[in-house]
Amino acid sequence: MILGRVVGTVVATQKHDKYEGSKLLLVQPLNLSGDDDGDELVAVDSVGAGAGETVLVVQEGRSTSMVMGTDLAPANAAIVGIVDQVDLHD
Amino acid sequence: MILGRVVGTVVATQKHDKYEGSKLLLVQPLNLSGDDDGDELVAVDSVGAGAGETVLVVQEGRSTSMVMGTDLAPANAAIVGIVDQVDLHD
Amino acid sequence: MILGRVVGTVVATQKHDKYEGSKLLLVQPLNLSGDDDGDELVAVDSVGAGAGETVLVVQEGRSTSMVMGTDLAPANAAIVGIVDQVDLHD
Amino acid sequence: MILGRVVGTVVATQKHDKYEGSKLLLVQPLNLSGDDDGDELVAVDSVGAGAGETVLVVQEGRSTSMVMGTDLAPANAAIVGIVDQVDLHD
Amino acid sequence: MILGRVVGTVVATQKHDKYEGSKLLLVQPLNLSGDDDGDELVAVDSVGAGAGETVLVVQEGRSTSMVMGTDLAPANAAIVGIVDQVDLHD
């Protein structure tokens, strides 16, 4: 999984039926210092993540289908946690 | 999933049988600013996406087989939505 | 999937049994302009691709096993089409 | 799999139920020289890895679900070994 | 799959049970010219590959489990062939 920050919302009227009711958020991956690092991705929210929050993102089809409440959805990234704190070891 | 822009069409007469009837589009990944960013990919269209449109792309085999209406096709990228709008948070 | 060009053949006498009878080709990924772009990969040919041809490559285990005619082979890239033409939109 | 170093702990109170009881560690991938190389990732610990240890990390959903003791969890990276030594060939 | 060179051996006493009896090799990916290119990875050997040999590597969980002789192991990279020769087309 990776850490990311919620930076936007994606609106798509015309989309695959399995996406109905799912919220699509734009996520910017972060590095250890909490800075932007890596290419943005679109993830299905499963935990009620809000703008600017640091989140835990899983990038896999089975996982994403699961959080969408189905065996198989054409989706492969999901927000599965809201990060309270990252403790860096010395 | 990622955001991309439809930049071309791929014509392949000689291809695996499972591709019959599928439209193959060339997609350029985009970054937050809507600029080109990342390597182009070829995706099966499932939503009638047209030239220049911003689309939602899933990169996974099970998802792609699903939108092709089969349990298993040798394909791993599909266009699953047409993006109307991306709302960037402040 | 990605577009690539067949640039070589890989010969491996000692290999997993499931590879018997499969042709292994070296593929160079291409960008929109048809120039080399990205790291080379080795793919199982399923369409009789020849030297220098532009091909459609899928990178996934299930897809590759399928084109090798088996449920499960330890392989994850296959050539599934020979590209005649790429029409770039304006 | 890749080699990495445990550099931190991720705390997420609000997360998918399947993560209950799992320890989430922040891992920095390493190169041959043991230097930092590549983007950090978050992995489920399955071997009791501690701060600063060099670990073996698998990045796949099925594997991660397995070490979490379930058929399917929305997670795709796990620490599966603690590395004692890397012997570089001459 | 990719081509790589065996550059080291990884020793991990504390590891997931499914790894018992498996040899873990450190592999450096190679480009067309046979030069180092890309991030090192750790792969389960299934063909008796030795130091310095050029090998064929598959990066997928199902494939790796298969060569480890099990339905499911928490591992996702395996050496599946020893490369005798790479014939580059003109």
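Per-chain numbering from 1; labels A, B, C, D and E assigned in written order.
Throughout what follows, a contact is a pair of C-beta atoms (placed from the backbone, for glycine too) under 8 Å apart; a residue touches a chain by one contact, two chains touch by 3 or more.
Source: prediction; values computed, not measured.
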{"item": "Subunit E and subunit D - chains in contact with each", "value": "none"}
{"item": "Each chain counted as touching subunit C and subunit D at once", "value": "E"}
{"item": "Starting at subunit B, fewest touch steps before arriving at subunit C", "value": "1"}
{"item": "Averaged-CA centre spacing for the pair subunit D and subunit B, given as whole angstrom", "value": "31"}
{"item": "Subunit A and subunit B: spacing of chain centres that average the CA atoms, whole Å", "value": "19"}
{"item": "For subunit C, residues contacting two or more additional chains", "value": "60-62"}
{"item": "Chain contact graph, described as a line, ring, star, complete graph or other shape", "value": "ring"}
{"item": "Chain order around the ring, beginning at subunit B and proceeding next to subunit C", "value": "B, C, E, D, A"}
{"item": "For the subunit E and subunit C complex, residues of the former touching the latter", "value": "1-3, 29, 31-32, 37-38, 46-48, 56, 58-64, 66-67, 78, 80-90"}
{"item": "Residues on subunit B engaged by subunit C in the complex (per definition of touch)", "value": "6-16, 19, 24, 26, 28, 39-43, 51-52, 60-62, 72-77"}
